[in-house]
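Right after this note come the structures.
One chain, subunit A, appears in both complexes that follow, with subunit B as partner in the first and subunit C in the second.
Moving on, here comes the complex of A and B:
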């Protein structure tokens, strides 16, 4: 880094040079403000180099005196950040003591933080899901719970993939993210993480997501991964489990609210996924040729159709053809809430006749992940049956009205 | 040591909120509420500034009232939108009028504020201009910065560690103008605030509301810098500076007294549980305290007679601090016995603590869990005062000031990455050029010329910074009547009722008065009733504004003359007022009097 003394019009400004590119220069001035100038407008009176430590690396650290050992895996969703007010740089923090100082987490748990990868979640690929799954499997052998810190954008995909890959698990696998970055005092990350560690200390044998239940702080909900969906771009309570109340809430203590699968003695982990599956959003005017190209070479295609699960009539022959050639075509709905119903209108009946499989009330993204898992793990002949079989709680037997769900909370 | 005074003057703008497209004004009360906490992660406590860690130690939670002029941005549930262009242009225009170097790029920062007044835990702020000056009668005062920032949420109340804020004010654009400490005394400070005020208010983009202009006063007389935050009226600037000077002078005397006796002593300052001495007390404050907590007492070595004795008030310094942690029951030996305690009870405590003549004793009613924390906090404060380091953030309280929190450090800003750097291009510069801030002299001259009002009234309107209110009123009612209302009637009513009405209400009354074609007597009566009833429609439907007709006046006057045949022309108006609270035209009443008298 460089410190500079520069002249801008009638003013003299001293500060640290934060950025110098594209003809502009940003200086962190001694009054704390960043100031940006056209380079042609400033005259340097003095510039000198200064050493600066870079903290951007995250290290594996274990701390705490608690009996239960919780592994926290960092995949890129930052667990906590430190702001360097001098440079404005935000860097991740992995020391649990720095994250949980002031709470009782470290007296109740031993927390081991391990960096796994450092990626925005939109960049993750199915191969990364497998890699995360393998590390979780390894960690679960010598810990009492595993927490996966993950970017929120694709957290539902990754967590659902793990839910299918872990047919049985020895310890809870809890995903956690945050909607406000952890450098802010208002970040939701601390409460989400505190809750995640507490959820990971229970006997739940499912993959679930720990995020804010409301815009208020103070109540964190645990959502079944295979019913979850990010339903808001920015709110803290963006995650919902569709058509299902949270499994549990945390408001200082864990309160289970419904039935859940318990941990097993033995782990059963099957990390095989078939990547030749795609998820297609139908829209008016979607051209049949384009659609055909999009699904060509796929073993399965999940279509987010309109309403009860429809596509335009001119796509049906393509679907029929694909089906006949061994591609599984699955119909889900863009409505997200509710079930598909292909027997109601003629379009639906024609889709069924063309070989389409109804996803029912399965969340579209979950249907997509499930198709990858089934094709990777089982003989193709079993696909139709298994797809309609409730394997991890991804299918709801009953579509209970929202109003009833709200009352039962 | 020279007195140094600097000002930070804040003006809300009426341009719409800064980082979302919500309006500045709300039309409905509460929509719903939500609760939050703010955290400074422990990783930062090592180098976080004193003010921030003080707030996080108070471990409070915050409840926010959502107003209809707020959206997900104010809730910290959505990233900020691009800053309001008109607000930016106004800040640029003001910067230019103060002779600043205007930035060619505007770079938003996050300033950490964790008292809950910002849902994010930081305030977004950017420098627009630097290095300006304003001419005053006592020489130029340098302007260090002109910033455009977002206003904080409005504090509603504080109860049991929960602070309630309303989001209505959060995000309103705020122009902050900071001076260098070039101001020489309190009168000068008022002049500077006023001069800056003309410039901003004459842009027409300043918000009109009770708390739309707020000043922070920086004061130092050699004992460290004190920042007095949120002074809303010009006259209050003068009062708080006077008070602060006196406070610091008196603390100097108190400190010298204590030092001459040998100073304070940490080892003898121990809060001990003395509740047992009060098992049969009749003191209400102690008995109430014992229901929820315990009574603690400690010696304050060598501090007798400095806590509350004439002008010496070290006791208030301690009480203000303790109160900021939500603890109210503080008593000390300079005011004991008192609070319903007997001399005997007090003596027992003194004896148990080994108080000698020069020592003082402090009594606090509190939760035992917080004793060691409070003990340290109190001693740290006394020690700081003993070293004559009086720097801290204070707030106005009437014409006094009270402790708010330690002085914030400098290093608590980092870039607002959600708002890209804004280039001040030709269009923004042109928009700024169309906004022309004017000085006091220019404003007065304009008023006289445009509205035909007296120079005296114009000066009043300019100096009280109610230009905008006047201009709006003059569109609705006769300009001279508007001037009369603003310069005489409203100040009179404010004095009489002790109330300050929202300007919008007064304007709405003028609007309705225009529609209903009320005359000046009816309007003035309606205004009077508005101060009483607080509702425009109630004021307008009040029977008192129904004007007496010529016939009614004549009947009334006949009636008066029947009982008081000697009533004179000079007394008649007062006599009519005694008998009716309805409005009438005094000139018409005189005419009627003459007619009735002639008829007789």
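Moving on, here comes the complex of A and C:
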């Protein structure tokens, strides 16, 4: 981090350089304002490198007097972060009091916090899902539950990947994130984490997500990973399980809302994924050449089609050709809610004839992760059958009547 | 259409051939079942071409005794369709009674139905948006309102394109679709059309969508095109205007719910679009090479990023390079609800420094259409400013408090 003293027109400005690119420089002044200048208009009086406290390390700590031992794995993201008000940068929490302080969680549980990585989740790759899975597998052998603190951006993808990789689990695997960093008075991280630890203390044998159930505090919902989706950029209750009520709620105690898979005696963990899968958003004007380039070299592509799972008819020959050459082409819907239905209109029937596979009511991002898992784990000739088989609760038997769903937005 | 008499193992089967591709044949038997066979296992006893009634023509008709004259333009899709129960095919309505029968709409309006094209909307291209716009412009000179009957799959895209192309309009431009074809007892087409004609009889100077407001009949909502999105594959109330209540409801009379732009004295219509724009879904594992290929040759790309509008950091140099070479890179969020916020985290700030433009709370598909319009219509040096300017109500001043939104799913 560099501190600059610079002259701009008739002013002298002092502040930390937080960005310098494309001929433009942004300086954060001590009152917190960001100022951006064209570098050609600025004269530097002084620039000097400044050391600042490194919050980047989280030490492994174990705290609490509870009988049940919960492992909390920190992977990065807002929940494990604090804001540096001087630089505006968000950096990891070094003090677990920020997350656990003020609740009686440590009188009821023994909590072991371990750093795994420190990444905002938009940077995670399938290889990171495997790494997180391996550490979860190891931790689950000597704890009663595992909590994974994770950035919210791609938490649905990572948690779905673990849901597929863990065919059976000895302890609950609960993902938790937050929409406001832990050191803010308005942070949702304490409540989400308290709930996550309580959910991790039950007999749920699923991978699930613990996040606010409403915009207000007080009720945290546990959502099945393979139905979940981040549906709002900033609200506390950003996550929703599509077409499915929460598995449980927490408001001081865990209340189960529906059926769930229970933990098994033995763990079954298969950490193999095929990364040559992509997720493509069909849109008017997407031409056949561009589309052909996008799917070239892929083992599977998941298309977010329109309506019941359609593309324009000029893409269908490309899909037919790709299918004939061994690429699995999966149709989902950009509508998010509802199910594909490729037998209703001629477009859908032509897609089926071209070899497309329909995802039914699977969430598009989950279909994408499932394709990676199936290709990594099973012989290719089983792909079509397994894709349409409900393996982890990712397919709803039927759409739940609307009135049983929680009201969202 | 061919009728086949064929032998399969020990059975003789008669039916219409509805698909024949990839060595597989699908036959619809007279009881309505589809049967699919491997062609190598089938012996044809007879195949013969069969003539059947062609429902493909809709003649221009004018009906009704009302003082206000509404033009209804048929472009295709479910609303203008009937199911052929023998073939399962959906073909256009030839009898307007199917749409207008049973309501008193023709005593209150004079309705002129005109065929424009006959396409399921997944096949429409930006050139079709222009063609529809041109016919709407022509019709609006001698009617009191224009209704465009359109497939629901891409109705938000087409209607948004018209909303940008019509900077000012003399009469309302109301899009209408349906989720069940007109000849089904459960069809939503009559109510949606009746409401559309009533909305088209007001002084609304906007492009808007008339669709069911709830899963039951009786209340039809009018949604601003540039905030709309198809959010359910099959429900009647599939459309939602994101973050904005309906402009009006219709339950026998039009009830305005919020403010709207009124019609102008003069029409201002600019039918130019640049098609070299694409819409890309960021996902974990999207690698820099693939991404670079996707954006190559484009004048603008709209990325549906994670959370507040993020991509993985390894795509940022590609974005920087593309921006430096004149491609506009726009960040939206795959969350759908909420706004981008590229100043909150370092990823966002790096994207801004690389030249990315944030879409704020614009709906991703609308941002995509807006980019086509701006590039087609204005000098490139105005792109950044105009993109962030609220031109047609596509940008919300602020997110509307949740409780004023209608409850959806």
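Quick note on the criterion: the second predicted complex is superposed on the first by the 328 of 409 C-alpha atoms of A that agree within 3 Å, B and C clash if a C-alpha of one lies under 4 Å from a C-alpha of the other, contacts with A are read in each partner's own complex, and residues count from 1 in each chain.
Here, a contact is a pair of C-beta atoms (placed from the backbone, for glycine too) under 8 Å apart; a residue touches a chain by one contact, two chains touch by 3 or more.
Keep in mind the model is a prediction, meaning the values are calculated, not measured.
In the superposed model, A:235 makes contact with both subunit B and subunit C. Once chain A of one complex is fitted onto chain A of the other, the partner contacts of A:130 are absent, as it touches neither subunit B nor subunit C. When both complexes are overlaid on chain A, the residue A:386 reaches neither subunit B nor subunit C.
Of the two partner chains, subunit C is the only one touched by A:365; subunit B is not. Shared-chain residue A:184: touches subunit B; no touch with subunit C. Contacts of A:308 after superposition on the shared chain: subunit C is touched, whereas subunit B is not.
In the superposed model, A:218 makes contact with subunit B only, not with subunit C. When the shared chain is aligned, no partner comes close enough to touch A:396: not subunit B, not subunit C.
Put simply, more of the residues of subunit A are touched by C, taking subunit B and subunit C as the two choices.
By the touch criterion defined above, A:286 reaches subunit C but does not reach subunit B. Shared interface residues of subunit A, touching subunit B in one complex and subunit C in the other, are 18, 24, 26, 34, 90, 215, 233-235.
Partner subunit B is touched in their complex by these residues of subunit A: 8-11, 13, 18, 24, 26, 31-38, 41, 80-86, 88, 90, 93, 95, 97-102, 180, 182-187, 190-191, 214-218, 233-236. Residues 18-19, 21-22, 24, 26, 34, 89-90, 120-126, 129, 151-154, 157-158, 215, 230-235, 238, 275, 277-286, 290, 293-294, 304-314, 320, 324, 333-341, 343, 345-347, 349-350, 353-355, 365, 368, 372, 402, 405, 407-409 of subunit C touch subunit A in their complex. The touching residues of subunit B, counted against subunit A in their complex, run 34-45, 47, 61, 72, 75-79, 101, 103-107, 109-112, 114, 119-122, 125-127, 130-131, 144-145, 410-415, 421.
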